[in-house]
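Below are structures written as structure tokens.
Here come two complexes built around chain A, the first alongside chain B, the second alongside chain C.
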Partner chain A sequence: MKKPNQQPALHKVIMVGSGGVGKSALTLQFMYDEFVEDYEPTKADSYRKKVVLDGEEVQIDILDTAGQEDYAAIRDNYFRSGEGFLCVFSITEDDSFQATQEFREQILRVKNDENIPFLLVGNKSDLGEKRKVPLSEATGRAAQWGVPYVETSAKTRANVDKVFYDLMREIRSRKMEDNKPGNSRGKDKSKRKKLKCVIL
Partner chain B sequence: MGPPPIVTGVSPKEGPPGTRVTVRGEFLGKSPTDLCGLTICGCDCLLSAEWKSSNKIIARSGPGKGRGEIVVTTRSGGKGTSTVEFRGYHEMIGPMKESAVWVEEAPLRKMWWGRRGLTPTTYQHDDPLGISIEGVEQKFPEDGLHKLFPGGSGDLSSENFAAGWFLLERHHATPFDDLRAGLAFLRRKVDGQKEGQLSFIKSNVGSVMEQLDTLAQLKERFEEDVEKQGQDPTIRLEGAIKESMSEANKLFEEVLSRRERADATRSALAVLQRFRFLFGLPGAIEKNIKKGDYDAVINDYARVMNLFGNTDVPVFKKVLAEVESRIVQLRDLLHRRLEEAPTSLEAQKKLIRNLVNLEVGGDPAWDAISCHSRHLTATMMQCKDSHIAQEQSALEDGGKTPKSSKNKSTSVPNQNTDWQACVPARVLLTEELADAISERFPDFWKLGQAYFTGELQVTVAPSRPQDFKKLVLAAISLFSGLLRAALMPHTLVRTPAAERASYGVWHSKGMEGLGPWLPHCLRALRQAYSSLIRLDLPSEALDIVASLIFDLRLHCMSTLLKQAGESVRQLHTQETWNIQFDGEHGGITHLPAECERVIAEALQLAKDSVLLSEHRETPLLESEVVQRDLNNLIQNMLLGFVEVLDKLALGSDAMAGDSPGVSQMIGSPAIYRVHGSDSVIDKGRGKDKESGPAWEVRLLSVLSNIEYTRSVLLPRIADLFARYQLPAQVGPLASVNKALTELDQRVLDAYLEQRSDPLVGTIEPSMYIGNFNWDAALKPADVRPYVKELLTNLISVHAEVHSISPGLVWRVLPQLVETVAEELARLMVCLDKKFNVHGTEQACADIAAIREAVKVYSTPTAEAFFDEALEAVPRLSDAQGKRNVESVLNNFRSRMKLQLMCFRDPKAPTVKNISNSV
Partner chain C sequence: MDFESPDVERDFPGLYASESGSGKRSQDSDFSDDAHDRSTKKELLIGKRKDKKESKKDQGYAALEGESSPEEDLDVKSPCKSKKSKSFKFPTIKEKREKSREKDSKEKDKDKDKDKEKDKDKDTDRDKEKRKELKSKLKLKDKKKVKVSEDVTESVEEMPVFGVPLSVAVDRSHCHDGIEIPVVVRNCIDHVQDYGLATENIYKISGIKSKVQQLRRSYNKREMVNLCDYDVPTVTSLLKSFLRDLPEPILTTELTPKFEDIACVKELAAREQELASLLLQVPTCNLTCLSWILRHLENVTANESQNKMSISALGSVFGPVFQTSTRVVTALLSHCGALFPNVKLVRYIPPLSSGCTSLPNTREAIAAELIKQDSLLNQIHSEMNHGYTVRSEELWEVQRFITLLKRKLRSLEKAQEASSQAVDKVDSVAEKSEHSATAAPSTTLSKIAPISPSNDKIDFQLQVWFTLLSSKLAKLAQLMHNLYPVFK
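Presenting the complex of A and B:
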């Protein structure tokens, strides 16, 4: 029998997306309920705290990565450790939406897993009047990838908790699946990948 | 003392010494002065720390290397912890690198002699091996280098320069050949430097001279300065610096104060935000409780307790009390919901976790488990009570008792709308209990498992595993007990009375009509069992159900056999006396086939439901007691058929039936008449079942059936047993055989008695008909009429027997012949030799004629009697007498040719053989 007071489960979340879309803003709003007006480009920030997920105490570890191209080379290393990804763009900036495609590809390449927990996040929903990315286009892309799409605002806190909790739930259910006996992670992953190939 | 600081965020998470690091978290101090310690990777950074708010500190990282904690210490909370780490690393510093510790090297101004000056060193700018490393992005991990070369450095100018480090760091991607070329290059350079020292001075003599001049000039100037300014030239400089500093301070004062104000506003805003959270909380909690979002409530509650848990402000306290009261309500609500009828397992687990998170006292998980158990028990008990009541009312209604045989035979009629009313309450009980166990028990068990594996994050009291086991066993025992009480009360006789009563008292009358439903009950029970097996229950618990199943199977099997026995015993009502012939066995009625069908059906049913052991069941037939019981039942069932045959042949009903053959036999071929009109068969088929065929015909039919049963049916039944893998039933078959043999004899005797008495009885009156006297006989011309009548009567018996079973002729006729011979002998002896000559001739001819006619069926006993009869007649004195006898016999043979053919041995090829042999 396991000890009841074990260390709570740790879910590793990575924030990706172009510079200035609000990854850090989302993270800080989630972590500390604060909104930062001024823009300070991130290099790589690390956050971790305890939260209650569906009645169960867990730890969330957030790696807030750099959106600026200058730091693109170090991303590979960071992505490797991630268990789930929030891929953020700003609905007021079409370039940032286009860039999500590249991020998605890089993640799939590094993780080698089509079903990695992943949410497409359209941020700055409070700036509706400046919207450049139509909702239909974003939901279309999410559907094509087979991932959920959520619009957030780091400023008003709309949907901020939702994206983090939804992602943690996906990570958790993925882990439970992988932990099933006779389902070693590595083997499983390659199988998934292969299966996909066969279908294609 | 307030809560200790906790660091939960760091930005960036790595960097070289001097990196500006934003540290975030909670309780990082109440004011700049509250902060009294900050270390990053073990390096004290307090000096550079800038306290922003209790959530945020900005500092510069120190020279620490590798991963390390960020520890904040405050006066109010003491030493804190961190959930995140910072990684310090040292960067190779080149002119293109931005660095916090970059030493600005002013570029050398123009040379006085207009020559190109010497750069201080060539390090970093060019590669000492002359190899370009541009475009090689990958870096060797620095941690690895530290491990490989402890205390080393890749810096060419460093004292602890390690060549390996340098190569790995800069050239770990350079091909070997390039490295060789680089080595040659380096060697050339070193050689060039050594031999060129002199030539170096020579070629630079101008510079050297210049330097000397400059040094002399410098000395002059310095001395001049000392003269002018006095001994210490830096005093003025210091003054100037101080002045500029105060100027600068003045310039920035405004900016700085503005910034301070901004900071103050910001933290005030943060505080306000928090207060808003606090004051809004009671409402938010209510809303979330209504929404059922207990997680949110718990998160908020934890946060508010962290933030305001030990506040002294009365207003806060008031709000907190409000919050607290709502949390208490929530606890109650959750507790109540936990005690309600158990919902889904997941929902329950969630409730329990919520309660644990709300720090409710006691052991909510255990409460849930015991509530589950109570509920399960209550469900089963209630199920029992309601069905007992249902059966009771059905019994009282009388008409509604599940008697309808139509519904019995179709095992589960489903479309039928009112079938519910026809299914016995006990069967419904079984179904419902099985459902209850397979639906509720798994959740109960899984909840227990979750509890003990720590999934619910509660501490488990040491006595709990034992308690839980008791609950499990109690639930299963109750399940088993309830079913036993309803279906097999006899298995509970050894249970203590009180316990027995708790399983429910059923009216004994309700057991009737339950039999055909038992296989159905067994199926339901097995389904429940398999759901229990899937749960991996301890075998102690499973065994309870296993033994219940075993007993039910046994009970089912015995019930089936008993039923079959009863059906067999009822077969006599179905006898139609319709004789059917098959080539080998003579005529039989359909009764043996019926018997076989009943038994086969019972066995098939038993096989389908009972005989085969399913997963984790004890084989039924292993135990000897069971085998003995089953043997008895089988024997009983088979003996039932013997009884049926007995009843049909010799029962009071059978003898009561009139037998026209007996009374009409004398003097007239009554049987012919009966046979001629085919009335035996007609009556057998006819509507008037009661009368049926004559008793003699019944006796013969039964005899034939007995024979068939012995030779065909029993072996077939033995085969059946073998096919259904019942062990060879030697004992029962043997005793049945014995009973059959005995019955056979009795029936045969009855028939013989029935037939031979009148047949023999007619001889004497017939012999003396017309006052015939042996002593006054005329010359015989033919055999006397009594001989003909005797033979005709024999023929009619022969015909009767033959019409039913040719084989029986061989058992009946020889016996009759014996009695006839005996009677003949008796009659002749009685005459005491009072024959005249013709009387003698007549007697000899009669005896010889009879003897010859029945020769085929004669026995040694009969022959002895015939001899005795002849002996009683005086000897034929002369040849004339013998001739007379012979002519009578010849006459007899030709006149009675047809009749005689009846007694022919059916196996003999021709008629001639017989006449020849005489």
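Presenting the complex of A and C:
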């Protein structure tokens, strides 16, 4: 595409997680400062917003995917083009936390990259009294994956901006790494290794 | 068969030795080192033995041949073959060829008749067989090569629309308003309908080849094409080239001869009826495409006074394009109105591009646009699932546009709901004040809600469903149309 070259940098973020954990709520809160109470399953939605990231104007593309398995077939197509992922679960629902493991694996499989920008997000932090997923367990899994863990509330807007901005920063630094010529830490190591194997 | 030849040699030793000996003296220089040593009469007998060995060698080659590659076989066999044919003196080469030809047809009979030449001829037969095998192998190789090169061109234009079966072309680039014909055909028809009907000798004059090629490439790559940038002959040539390049005639290979037969029927009513019943057997996507093109060509002939294209003139142009005769096209064209009474040319309005800033304003328009965008999105998904990844950018754009449309639709609905609630409130107020349920809305609220709002909402939902249903129904009708002869 020609346009993005002239326009500010574009970062592509994908929301993943089980159904009903609040992916759309987080997205809509970030995009339009609105909180939607009534639940309506998403098939797929995409948004674009201009934001100022550390003094630089950038664009963020957010793809809000379906949590339901029904749409798994089209999910790969989206995952492939994503640059960063917000993996969301509800702290009030253990199943949704367990499901993050599968989403993580699916993303790594499609992207073939261990270091893809990725945040583990525990949503519905305003419902602390209904908490089912202990903080320690969530931080433990995040540490195991080597990704940050943040708790948010789409209702109160707590940490909503933070997760999007943190992810954008990761994507940005990742892109800068990739663009450095001759940088061995650049674009996914696994691919480089593969190339070497072919040559040998 | 292979073990027979030594026995035959034993029966006729002198003959065999002298033949092969003399042959070797003159010809065999490159095949074996021993050949030249056997020039004296003394060595004739030895030569005979060696011949035995050699014939076994030949058999060895024959046995190996299946496993070695065709090129090797060629190299190894050609000297041996030439030796054999030249070493055999009694029949001339011509005679022998005739014989071996005869053998090809009546192999076994000949074998019994001619004991003397049996093994020799067998050898030549074997050689022939080998050559045949070689040829077939080479052909196979050639085919593989062709396939590979096709793959290469396909990877350049990953999922072409031109030169593929019509159903594939429709799958890859169909119109998103429910009319299942390739976009390129629809665009060409629209363009000629708009700008070309008065063009003199339209469809007869060819466009600029390079421009047609350029357009083909653009369509194959699904690039945005604006046919208004091109002249009418280029567009007509584009349409013709699409149809001509279909691997199968649009009337199908199977049915084309039947159409030829019917086209010869003199009596018009009978011809029309037979054409109609035969068209039922044409696959749906071919029939849809054909009907649109014929309806369009009918419009062209309707303007004959301006464009000078009569039915027969168009027939002679489109005969080769449809890969059939002029007569068939002329017949179809002259009965066009009766054959396709329900086909009406509708200008194709493609899905709005995602860069578009002015969204449709009414709920009906938004809903109709959403159906188109969904169809577009599905197509992108299916292409991506087939490994056509170029469009991932478009995927996000279309998705974003759909989200935008959905949001607008929802906000319109909410506004409507809110206004309807307001209407209800004012309604009840009006009822109380005027004690009249019917007069109030029409007088005080006609600007806000011309129709009863709740009904309006139902109407709208119905409309959305109706649009969906009607497209499904159209498909079903066509399916039934095709199945009709079966029931009959």
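We adopt the following convention: the second predicted complex is superposed on the first by the 177 of 200 C-alpha atoms of A that agree within 3 Å, B and C clash if a C-alpha of one lies under 4 Å from a C-alpha of the other, contacts with A are read in each partner's own complex, and residues count from 1 in each chain.
Heads up, the rule we're going with is that a contact is a pair of C-beta atoms (placed from the backbone, for glycine too) under 8 Å apart; a residue touches a chain by one contact, two chains touch by 3 or more.
These numbers come from a predicted model, not from an experiment.
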item: Contacts of A:D33 with chain B and chain C, given as first, second, both or neither; value: first
item: Chain B versus chain C as contact partner of A:L167, first or second or both or neither; value: neither
item: Chain B versus chain C as contact partner of A:R80, first or second or both or neither; value: second
item: First, second, both or neither for A:D54, with chain B first and chain C second; value: first
item: Partner chain(s) touched by A:A44 [first = chain B, second = chain C, both, neither]; value: both
item: Touched partner set for A:K12, first chain B, second chain C, both or neither; value: second
item: Residue contacts with chain A in the superposition, chain B compared against chain C; value: B
item: Intersection of chain A interface sets (partners chain B, chain C); value: 1, 44-48, 63, 73
item: Touching residues (chain side chain B, partner chain A) in the complex; value: 8-15, 22, 24, 55, 83-85, 137, 270, 273, 277, 294-295, 298-299, 302, 349-354, 357, 452-454, 456-460
item: Chain A to chain B touching residues, read off their complex; value: 1-6, 24, 28, 31-34, 42-49, 51-57, 59, 63-64, 73
item: Chain C - residues contacting chain A, complex; value: 381, 384-385, 389, 392-393, 395-396, 399-400, 402-403, 406
item: Parts of chain A lying in touch with chain C, wherever the complex brings them together; value: 1, 12, 44-48, 61, 63, 73-74, 77-78, 80-81
